[in-house]
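Below are two complexes that have subunit A in common, paired first with subunit B and then with subunit C.
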Partner chain A sequence: MEILIYGIINSIALVLMSLGFALVYGISRVPNFAHGALYVITAFITWSLLNTLGLNYFLSIVLSLIAIGVIGALIYQFVLIRVRGMAISEIIASYAIGLAILEGLRWGGFKGLSYRLPVFIEGSVNIGDVPVDYHRLLTVVVGIALVAFIWGFTHYTKLGLALRGIAQDERAAMMLGIDSDRMALVAMAGGAMLAGLGAILLLPLGNIVVESGYNVLTMAIAVCIIGGLGSWMGAVLAAFIIGFAQILSVVYLGSHYQMVVALLAIILTLILKPSGLFGRQKELEERV
Partner chain B sequence: MKAKFFKTFLFLAAAFLIIMSGTNAMAEKPIVLGCPLSTAFLYGWDAERGIKLAVDEINANGGVTVGGEKRPFAVEVIDTRDLEPGVPVSEALLAVEKLILGKNADFIVGGPVRSEAALAAMSLLSKYKKVSILTTGVLTPKYHAMVAQNYDKFKYCFRIHGEAKQLVGEILSCFEDLKTKYGLNRVFIIVQDVSHARGGGEVLGKIAAKKGWTITGTEVYPTGTTDFSMGLLKARKAKSEIINIWMDMPESSILLKQWYDMKIPALPFGSTLAAAEQPGFWKATEGKGEYCLCSVVNAGNAPSEATPWTMKFYDAYTKKWGVEPEGLGSSSSYMAVYVLKDAIERAGTIDSDKVVAALEKTDLMGVYGRIRFDPKNHQVIPALDPKEGAVGTILQWQDEKRVVVFPKSIATGEIKLPPWMNK
Partner chain C sequence: MEQRRRERIDRGVKVRSDGLYALMSWRELSYLTVPRLVLIVGMLILPFIMPGMYWQRVISIVCIYALLALSFDFLAHYVGLVSLGGAFFIGTGGYLTAIFNTSFGFPPYLSIPIATILGGIICTLLLLPCLPLRGVYFAIVTLMYPLVLARIIEAMDILGGTDGIMGIDDFPNRWVEQYLVIAVVLLILFGLRRLVNLDLGLVFRGVKDNDQAVRASGMSITNYKALAVFIASAMGCLGGACLVHIYMWTGLSLFALDFSILPIAATVIGGAGTLVGPVLGCLILVPVSELLREFGTLRIVFYSIILVGFIVFRSEGIMVYGQRKYHQFERWTKV
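Right, the complex of A and B next:
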């Protein structure tokens, strides 16, 4: 029972950590290595609004999500757009931005245990014989709702369909009047907001520490490689595979194997199916 | 006109002499203390604060007397990042080398903080003949064992804080109290996947088992882990009564929050538990860390009356940094500077070999008791009584406060169990 419950919780946490990265790459083909930094900075913005300005928690969350969306859009508009299409430059530029943000936060004194966000609901409940706190349950509900929302958004709204069009065939979409750069800008803003939402849901479980930015980036890359770069549904499936594999490894092998499992899954994927589980376009390219 | 000029000249000369005589110590070449510390982490920044507090106090009192002249201390800190996950040991070695060659450090005080990095730095210190006093983080017994094994090579290496074996002894004494008072007998061990923690957990497990304790399991978590639920459930399933924790990563506060939320009926007992050492722990866990025990390695890192100097240091640290001494590294780093000052003054020089000889003869009543080094391995001599040697401290969080519960000679309270554990 505990494997099922904590497997789902862990998987949803991985979904929340990686959806933003998958979305940005899927649409703009930009591997956003600043993803982890955007995750952490959202939490710090929320903390600052909550504690320094004394705003309401919900209002602080909304404002910080808007702020991170704007930051994501600015990063694309002023930096990434200039190197778009040059894979190595995209990686270097986005990683440099991420590094500057994370190390800047550290340099600015954001370290230690002082920075934390309150959980949304206090207390815990026993499911069967397994104790689970309410906040983790809420995270699962929000995670599932988010996946459903993204599916609905990309299938039933004009903007969502345009984003999917660019993701599927950029040239054909452009012939139909869809602006590729504008869609990439929207994707970057949306990806940043998804990273931020992940932080707001997951970081109240612990403390806001700069190091979590690096961990989140590692896990997001692992999930997206296994799921197939560019496929957000693949990312969801991969998150569940890694999430359950980690929990199983903790139960049957030992806790210190949980990171090894994720990295081993990347290596196996790259050997057996380099395009990942749902990386269909890449698969076609590989065949050619 | 000439007379007026002469008077002005005399006045200026007199003023210059008065000013210069007042800052005599400051005019001498400073003795540079190179501090390789992982400054983004507790064991790094609290050591830096302890060192700087001692240096400020010493300099304000005229500095260090070296062969008849007063010289001030100067501090150079380089971030080794050795406590950060994924940062290779070579980074810390580069920091130590840069302090020696680039910053012209006369002595190394503080780190490296991670055991692996400190062990690797020993050869470097030997190569440059730089006296080093470890003051924080490094708990591995291998450090002083290496000095004992190859004294001529590693004689420049000292450690002024407690180490893992001493810690284990103190923790087991505390365990015995818990057995006697509450009938606890089953221990589950949770460690971080780093050298000192793995080693410490293993040693504690072995010794505890020999002493009749039941070890119900061991979990090793990678640095940076943010979910401990499965390990806690294992502990509960195995009917554990104490969870012994060896972790210096900030994420360990999550472990305590989960422990509280899941109401695990086992007392969390941190051998190394950086999160719980800090005064901000209560707020960081929203009070969920109550009843958590942890060792802060040496007295002075939590409030007690171990020696007359303890609270004097405690208050001075709080006044200067706006926070109470925060954990392992605070009092020992502060003391290291005073011990070094004492040794330099007795040696009358900053020559490494002579300072080593003087340090070996150190006998100083400090913040956490009588400070002496074992001349064979350069480890500070521990004791349960501050009059005999360096005393440790184990505290428990009770009602928002860090209450010292061990050793009895300096204890200010007794261990309590959480309500869901009361039989």
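Right, the complex of A and C next:
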């Protein structure tokens, strides 16, 4: 029972961490290695708005989500747009930006254990005989709602359909008058906001530390690769697979193995089936 | 409105010195040899002009990064395998030499070559399943290897766990240490330049440009890729082994992302695909990052920004730019 509940919670947390990465890669084919940095910086912006400016919690969350969306759009507009299509340059450029943000935060004094966001709702409830606090339940609810929202958004709105068009066949979409760069910009901003939302939901459960940026990036890559780069539903399913695998390894092997499981899963998936469990990449593009 | 364009023309001296005519006059001879001699002599006198022990140590570190950058450049631009796993090579070589040195009591001049060859073999065997992968997939899988090895060592508490292995022999004195790494870098640099112009190098470039054509010619791509990975990883392992003997310590920090990122940055800045460029990039980047050490992690911010700037605005790198200026002149002509 404990494994089941915490497995679900952990899986939803992984979904929240990786949805932004999956969205950006799925639409613009840009592996956004600055994902972890965007995740952490949102939490710091929220913290600063909340504690330095003394704004109300909800308002500071909304403001920081807008800010992170603008930051994501700026990164795309001024840097990534120039290297689009060159896979390695994309990785290096976005990773360097992420590194600059994270190490800049560390230099700016954001380190140690003194940075915490308050939880939304205090208290806990017993499900069966397992105590679960309300915040974790809220995370699960928001995570499920978010996945449903994204599904609806991409299937029933004009913008969402345009995004999917670019993801499926960029040239055909351009012939239909969809501006590919604009859509990629929107995707990047949206991906950044999703990363930020994940941070705001997940980080009240612990401290805000710079290192979590690197871990989030690794987990996001793990989830997206196992699910198949570019496949969102694959990413959600993969999050559940890794989520439960991690909880099982923590229970039966020890907490050190949590990361090992994720990393080994990436390596095995890439070796055995590089397009992931649900990816639809062409065979020839990925391996000889 | 009169339109003009810029045209580039090879310098006469370049054309003359391309063939046997290079031996005709001192001018042509020096046109060819001076740049190479500047690099070789410059590297050799570096330990003398460095003030103090600290900066001499920096020279050794530069050379180790240069080895990694060379291996990255060779793999990425001559074989078409973009490996982000510099730390994987460094870590394998470092741990192997540490084991041979402390457990079996081999002196450095034995343990380093053994770690190089054995490390190359181990890295190649571990990477063998990923060799069919292309582009981003190979890059990500190699990025994951050092992380997973570090976590496994940490989780299983083997090979000294988080403390690492201490009490490794150092080199007899610092001159041996510096000239060893400098000589290794120069030898490998010129050796690789020779290698990529051999028939073997031609096949490597064929694998990069059109692997199906290589396969259609009846050659196994996997064999050639494995050979290239062996060469590159042995270079990385050599660097790691030297590093461990310099610091007399090995630990999880050998798997740090620094060893994967800085060589790539150096390659981008120095000029990709030139082999000299990465060495030059390391000669610039590592001392700069040492100078900025007092700013703490701000130096990482600095060099990330430099990296982004180079990749976005001048992706050819210093060396390609320099070569063009050296070999060609430009002028404006009417269209």
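By our rule, the second predicted complex is superposed on the first by the 281 of 288 C-alpha atoms of A that agree within 3 Å, B and C clash if a C-alpha of one lies under 4 Å from a C-alpha of the other, contacts with A are read in each partner's own complex, and residues count from 1 in each chain.
Here is the rule we use: a residue touches a chain if its C-beta (ideal position, glycine included) is under 8 Å from a C-beta of that chain, and two chains touch if they have at least 3 such contacts.
A quick note: this is a predicted structure, and the numbers were derived from the prediction, not measured.
J.: Touch test for A:Ile66: subunit B only (first), subunit C only (second), both, or neither?
T.: In the superposition, A:Ile66 contacts neither subunit B nor subunit C.
J.: Using the touch definition from the top, say if A:Ala96 reaches subunit B (first), subunit C (second), both or neither.
T.: In the superposed model, A:Ala96 contacts subunit C only, not subunit B.
J.: Of the two partner chains, subunit B (first) and subunit C (second), which one does A:Ile266 touch, if any: first, second, both, or neither?
T.: second
J.: Could you say whether A:Leu74 touches subunit B, subunit C, both of them, or neither, answering first, second, both or neither?
T.: Neither partner.
J.: Quick one: classify A:Arg82 as touching subunit B (first), subunit C (second), both or neither.
T.: second
J.: Applying the touch criterion given at the start, work out whether A:Arg116 contacts subunit B, subunit C, both or neither, answering first, second, both or neither.
T.: Once the two structures are laid over each other on A, A:Arg116 reaches subunit B alone.
J.: Would you check which partner chain A:Leu138 touches, where first means subunit B only, second means subunit C only, and both and neither mean what they say?
T.: In the superposed model, A:Leu138 contacts neither subunit B nor subunit C.
J.: Applying the touch criterion given at the start, work out whether A:Met233 contacts subunit B, subunit C, both or neither, answering first, second, both or neither.
T.: Neither partner.
J.: Please indicate which partner A:Arg106 is in contact with in the superposed arrangement: first for subunit B, second for subunit C, both, or neither.
T.: Both partners, subunit B and subunit C.
J.: Jot down the residues of subunit A that show up as touching in both complexes, subunit B in one and subunit C in the other.
T.: Of subunit A, residues 106, 254, 256, 259 contact subunit B in one complex and subunit C in the other.
J.: Note which residues of subunit B are touching subunit A in the complex, please.
T.: Answer in residue numbers: 40-42, 45, 84-86, 193, 219-222, 224-227, 229-231, 233-234, 250-251, 253-254, 257-258, 261-263, 275, 278, 280-281, 283-284, 286.
J.: What residues of subunit A sit close enough to touch subunit C in their complex?
T.: 31, 79, 82-83, 87-89, 91-93, 95-97, 99-100, 103-104, 106-107, 218, 221, 225, 254, 256-257, 259-260, 263-264, 266-267, 270-271, 274, 285-288
J.: So in the complex, which bits of subunit A are touching subunit B?
T.: For this pair, the touching residues of subunit A are 2, 6, 9-10, 13, 106, 111-114, 116, 118, 123-124, 130-131, 133, 202, 205-207, 209-212, 214-215, 247, 250-251, 254-256, 258-259.
J.: Which part of subunit C faces subunit A closely enough to touch in the complex?
T.: Touch residues, subunit C against subunit A: 76, 82, 84, 129-130, 132-137, 139-141, 144-145, 147-148, 151-152, 154-155, 211-212, 215, 221, 261, 264-265, 268, 295-298, 300-301, 304-305, 307-308, 311-312, 315.
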